[in-house]
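Each in structure tokens, the structures are laid out below.
The same chain A turns up in both complexes below, where it pairs with chain B and then with chain C.
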Partner chain A sequence: MSHTFNTPRYGFLIDASKCIDCRTCMVSCSVENNVSMETTRIWIKETGVTGTFPDLSRYTVPYHCMHCVDPSCVSACTVGALQRTEDGIVKYDNDICIGCRYCMYACPFEVPNYEWDQQLPLVVKCDMCFSRLEEGQQPACAQTCPTGAIQFGKYEDMLALAHRMIEENPGKYVDHIYGEEENGGTATLYISPVPFEELGFPIAGTTSPAYSNRLVTEGTPLVAGAMLVGLSGAYLTIKNEKEEAEEERRLAEQTPVAAGEEDSHAS
Partner chain B sequence: MIEALSRRNFLKMGAVTTGALVVGEFVPPVVAQIATEAGMLNASGDGYIPTMCEMCVWRCGLIAKVKDGRVVKLDGNPDHPHSKGHLCVRGQSGLMNTYDPDRVLKPLIRVGKRGEGKFREASWDEALDLTASHMQRIKDTYGPEAMVFSSTHNLSQVQFENLLYAFGSPNYGTQRSLCFNAMIVANQMTYGMEEPERIYDDQLQYVILTGRNLFEAISTSETGELSEAISRGVKVVYLDPRFTKTAAKASEWLPIKPGTDLAFHLALLNVIIKEKLYNESFVEAYTIGFDDLAQEVQDFTPEWAAPLTEIPAETIRRIAQEFAAAAPYALAHNGWRTSNFINSFQTQRAITILNALVGNWNVTMKASAGESSGALGTPPQPPYPRSSAMRLDGVPYKYPVVPLKLGVFQELRDNIVSGEPYQAHGWFISRQNPIMSLPDRTKTLKAFEKMDFIATVDIFLNDTAWFSDIVLPEASYLERYDPLLPVGSRVFLRQPVIEPQGEAKSALWIYKQLGERLGLGDFFQYTDEEDYIRQQLAPLGVTLDEIRMNGYVELPASEEEEEPSFTWNTPSGKIELFSDTLDRVGFPGVPTWQAPPQPPQGQFYLLTGKVAQATQFATQNNQLLKKYADEPRLWLNNSVAEDRGMEDGDWVEVTSQVGKVHIRLKVTQGIRPDCVYLTPGYGHLSKGLTAAYGVGASDSALHVTYTDPASGSQALTQTFVTIRKV
Partner chain C sequence: MLRKLFHELSTLPKYIYVFAAITAFGLSIGIYRMYAGLGVTTNLSKAFPWGIWISFDLATVALSGGAFTLAALVYVLHFESLHSAVRPTVLAGLLGYSSVLVILLFDLGRWDRFYNVFLHPNFSSALLEVSWCIAAYSSILFYELSPVLLEKSRWRRFLPTIKKYTIPIVIAGVTLSTMHQSSLGTMFVIMSPRLHPLWYSMILPIFFLVSSLAAGISLVIAGATVSYWLFGRSLKIRILAKLGWFLPWILSFYVVLKFGELLIAGELDMLFSSGHYSVLFWAELIIGFFIPIAWFSFKRVRNSRILSMFGAFMIMGGVVLNRFDVTWFGMNPVDGETYSPHWMEVAILVGVVAGLITIYSLVAHYFPVYEETELYREPANTAPRLQEAPASGD
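Up next is the complex of A and B:
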């Protein structure tokens, strides 16, 4: 099996400076995708209220599947329930899923959610509202966002827009497009006025652990025992890479990015 | 009565659920047939139908996706100026209101005691006959004024008013005095209009928001416009004792001491006049009363305001200078509900005047195109009977400048309790919830006890319906027609996207049925909802079927080129810095300082304020909103909590002069130490709201009634509370 990964066709650009934490995206997604009342495909990541009264700040941002170019979840899925389409959408087929949750452990972004309340629990995650795309509509979250914090379009356009937003607004954003390189690149991109770690984003490496997963899921006979051993190997690989990446990030973010960053918010 | 549905997969239930919910005789699927003929649904019944949202009063245009006779998704209509393709979180959740398992789907008649929640189902004929006979009996025995009518700002309001005027009662209870009377009366007195429209275009440079929490009290288009403005680098100064989500996005957050917004704005006026930063030619040409104003504010310096507002004098002076320097591309937002203290009317006057001084008219503010239905037809009707009875809400004899259609709702309630100047005996309420909306809930329940008869029209057993004698089930906004709504140059249609569930009926139908039973049929000359809309459309030369697909029709363009107007509908025809109207009835002609009361030692200001996931007291039962809303808690400053040995999550008892509630604490830096904040609209009494019952605590149980004598506004932050750990 060959693994050449094409650039995603579509992409999200999510701007933490514009999110007002209204949760419209969450309800819109829940309705569109008939998500059960006990789970969700979108979360709000936040810094919490920081600073000292009255010099306070708070940042929030919606968070959902990154749609990796080389998705770890796809490589970890033993039954092929997770697939990356030609368009770069990481899709999930609940008719095939056996509920093993390997994808949850594999995902460096902690995205797949689980229907813990169900007797036959399945995984829940964003599929870019592909059925809406087929009808020429935007994904449910992007379509309705009242402030335009969630943009959706061609991946190249979103990436170019992200760069432009950072370049044209010196001091407003940290100089980092989350998703441009994380895990080998993702279709969901973020820009933010505060370091992503403060928003609670996972620190992901710049290469996908999918390769080591594939060694396991494809290279090993599909015997349960071997699978377990193999996947714990994959887990350790991911864990190790995450730790390395965290250290790398910490060093990078100690260096000031742009002038006036501290003035970008209420003083 | 109605079997509770599982909270899961409410949208999946399709045919089975619909079948189970339908009571009574088979009704052919008219909505689907019409929508198919209009080309909106395909042969399998799938497609998109435009209509209008009703999750708040902003009324965005929406497009409903329909599948197999069920609405499965709502999105904003790009052609509607209020939605521009977006819906907010409440709008997105709207179909959950329609499919709420707590819907009332047959008329109900009370069989237990009031408030016990025991009802029996009845036919429409029985319920309407009984309602009309009670109303007629009260009219015959005590006069029409003994019936109180209340409803607020619905699209069917015009026919609600028709019923009350035809019946002959002067007692009309809107909820506006609990909301924006201060803002509207101030605009009337200054600009001769209810509310100018705000312009957030590329030229805008500076905005002052006085408690207007636009990122939580969402008005979709305006929220989006403010967000874009902030992204463009527009400076936004935000005054609020609480670090709201708007505070988090503002350029500058000023945690002002409650009740002193007036001092802040008077000081801005002082600086702008003293330093001659105002637009002299504009003031000269288009305003009256500048000298009176200058004299009145001469001592209200930033140094005077600083200890009152707890904002440094240099900050106030700087903001005045910045605002004037940005003018005319500067906007002082009137806010929506700023009736926080009885001095809020003066605050509102000061804000309107601040705009006038810098000459931003037709730049960042203009006359609103409004929702005037002048171009539309109306069914013919005879003149209304004259009503000579005094109004129970004291308008105009006690509140001379409050417009009749706004009224003073809390005063109406008080006079129902006192029986002065006469006793009211019946209350007809449509889609309104005075038990939750009025301050001092205990007193509102006393007013209910005074009533021989109460009927409520709603889609749920809201708290008011719970205490009513008859509940008339209305069709939800996705299931019915309403009168047309003009917005700017277009007239928008609310049309049903699915059949009404159960036996629910539109307000247009309910009012007509009651009117006919009360011998007032001549006032309701329309055969059904579609006929009503056809009569409205007749002067435009278009048919209802022609406008279904777009959901709107363009109004014919005015023949004259529209020039920006510089005349105002005030007695002088100018912007009235000094108002002779106010002066003559004994109120200050120019805004002046009125010191607000302050909490005694050990007590806190009780703040309320909206969250994005709720509209007033009407949406807490919506399971989708509940899923994503925060648990309502009492905010307390972290240093105060530490001093008092209280921790996040502790249960506390909150006590005011009129009530007591229990609620969990949220300990946060984001609030002044002299304030606590309670999410309003929770603490429902109705057990018919199964998702909302038992959640949060009621602000109306705590609020003390304080009415501003000028605007009739209820002062919502003038209540002080103590808290103790329980």
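Up next is the complex of A and C:
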């Protein structure tokens, strides 16, 4: 089985230098998607206050699902409640999820959230406001961000814009687009004036753990088949050997002379 | 009728009542958890979405590995002398797996739709493989155990039919067990960003499989000695000695594999430089592997009930610690958050374990679980029908 992954159709470009920590994105996301502010689909990562007085600085940045090209959560989900669409949106199906929470551990970006305070909880995760996209609108967070820190558009455009902003503003950004390579590429891209580790971003590899997972899980039916054949073979072989030995023993008891000859021949 | 029941109940050993009471308490907390949700009853969080329940499940499955190890040894590889150990082990395995399923149901956020596991399978998910295999294997263990339950009832007439299909069923069962023992390791292959490199490995499935063989055999040895005290019934020391003989080999294989993997991954420097992770790693290996390898190499140990039980408990401890490390202690914390279980999580767990002991004791009390003489005859009978004619000589 080979897996090919189309590049995402849409993308976010989130600029940490423009975020002012107003949390409009969190409120608009919560209203749009009807989720509690306790467990929103978007939240703020920050550096904390750094530097010595009076040269203090603090950077913040909104953070939500990366919409990976090869998402670990989709690979891990027991019941296929998480799926990546043709457009590259990683969607969550409320009606299928059984709440095993494997996706939360599988996600290298620690994105899926959970409604811990609900009786019958669900996973909370950005779906790019796909119903708004269908109506030709932007996702709620991008639409409402007052400083333009969250931009949304065609993936290619966002990637090109990210490169251009880094090139045109030398020294303003670190030379790294988070999400271009991370985890095999993601639809959400970040640029930042400070290294991403300082913002509390996970250090992700360039291939998705979903790949290693598939290597093992897709080999499983083969191993199972081989085991069935091997075990049946072992059972029959040993059984035959035992029966033959039994037969020989019986023959030996009946005609001791013949068995003696057989023995000397064998040794 | 009622008087008969009361009389029957009064003949049971008293400890059963204690365990039954603990079970009832644990299960009532469990029902409260179903009603109230996970937030109030557990300390699970975004950083630690899995807790002590999952650790317990993995440890229990590893210990229940005895059932398939013995089935493979006795039925497939024809170590017929070990046959008398099969019944208690299969019973322990069946109860172990049942408790895993019960705990999993408590753990699922949407326990009300657990059946989606069967309706909406995602075949690249290791957890799907685990749940399918465990469900199928529990049924197989029940099949393997059914002769014990039927032998003295009026359903006895089904015994020949059941025995006729024992071998194919056992082979399917051994395959399923191999699959899910290893798939439990596969579950963590996708967690490379979270699990500490001392435990993370692409070959975790193999580590899990091999250590479950050792843990399973240890459970048979320890269980036989404990039931020697509790019921006055046990397995022959000769059989325990034979089982103990396998242990150093399995454990050594694991150790070689483990250090080989660390060497190839270039992670040997972490053995001493990872703070409490290093301590846990060495505790696991020394208690569960190094000491038992030496311990079970002595013939005197293998031939002594008490000494081999001691070694078996060390192995079980080491393997259980390993499962806890992989699922809990070895997970890198997110944003400094850590996890320790809520008392209700522990209460539910204790209740389920008490339930296990209660049911095991009851079954062993009423059914011929430990009857060796009965069993020594069986291997000849379990062979497929076609081969019966030549075997009739004995």
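We take it that the second predicted complex is superposed on the first by the 211 of 267 C-alpha atoms of A that agree within 3 Å, B and C clash if a C-alpha of one lies under 4 Å from a C-alpha of the other, contacts with A are read in each partner's own complex, and residues count from 1 in each chain.
As a convention for this text, a contact is a pair of C-beta atoms (placed from the backbone, for glycine too) under 8 Å apart; a residue touches a chain by one contact, two chains touch by 3 or more.
Quick caveat, the model's predicted, so the values are computed rather than measured.
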{"item": "Contacts of A:His67 with chain B and chain C, given as first, second, both or neither", "value": "neither"}
{"item": "Partner chain in contact with A:Ala76 - chain B first, chain C second, else both or neither", "value": "second"}
{"item": "Partner chain(s) touched by A:Tyr105 [first = chain B, second = chain C, both, neither]", "value": "second"}
{"item": "Per-residue touch tally on chain A - higher for chain B or for chain C", "value": "C"}
{"item": "Contacts of A:Asn113 with chain B and chain C, given as first, second, both or neither", "value": "second"}
{"item": "Which of chain B and chain C A:Leu56 touches, first, second, both or neither", "value": "first"}
{"item": "Contacts of A:Thr147 with chain B and chain C, given as first, second, both or neither", "value": "first"}
{"item": "Touching partner for A:Lys125 - first (chain B), second (chain C), both, neither", "value": "neither"}
{"item": "Of all residues in chain A, those that touch chain B in their complex", "value": "17-18, 20-24, 26-28, 30-32, 34, 36-38, 40, 49, 51-54, 56-59, 137, 140, 143-148, 266-267"}
{"item": "Of all residues in chain C, those that touch chain A in their complex", "value": "35-40, 44-47, 49-50, 72, 75-78, 107-114, 116-117, 119-129, 131, 167, 171-172, 174-175, 178-179, 183, 186-187, 189-194, 202, 205, 331, 334-335, 383, 387, 390, 393"}
{"item": "Contact set on chain B toward chain A in their complex", "value": "7-12, 72-76, 85-89, 91-93, 95-96, 215-216, 218, 220, 223-224, 227-228, 231, 243, 245-255, 612-613, 623-625, 627-629, 637, 668-670"}
{"item": "In the complex, chain A residues that touch chain C", "value": "72, 75-81, 96-102, 104-106, 108, 110, 113-114, 116-122, 200, 202, 204-205, 209-210, 212-218, 220, 223-224, 227-228, 231-232, 234-235, 238-239, 242-243, 247, 250"}
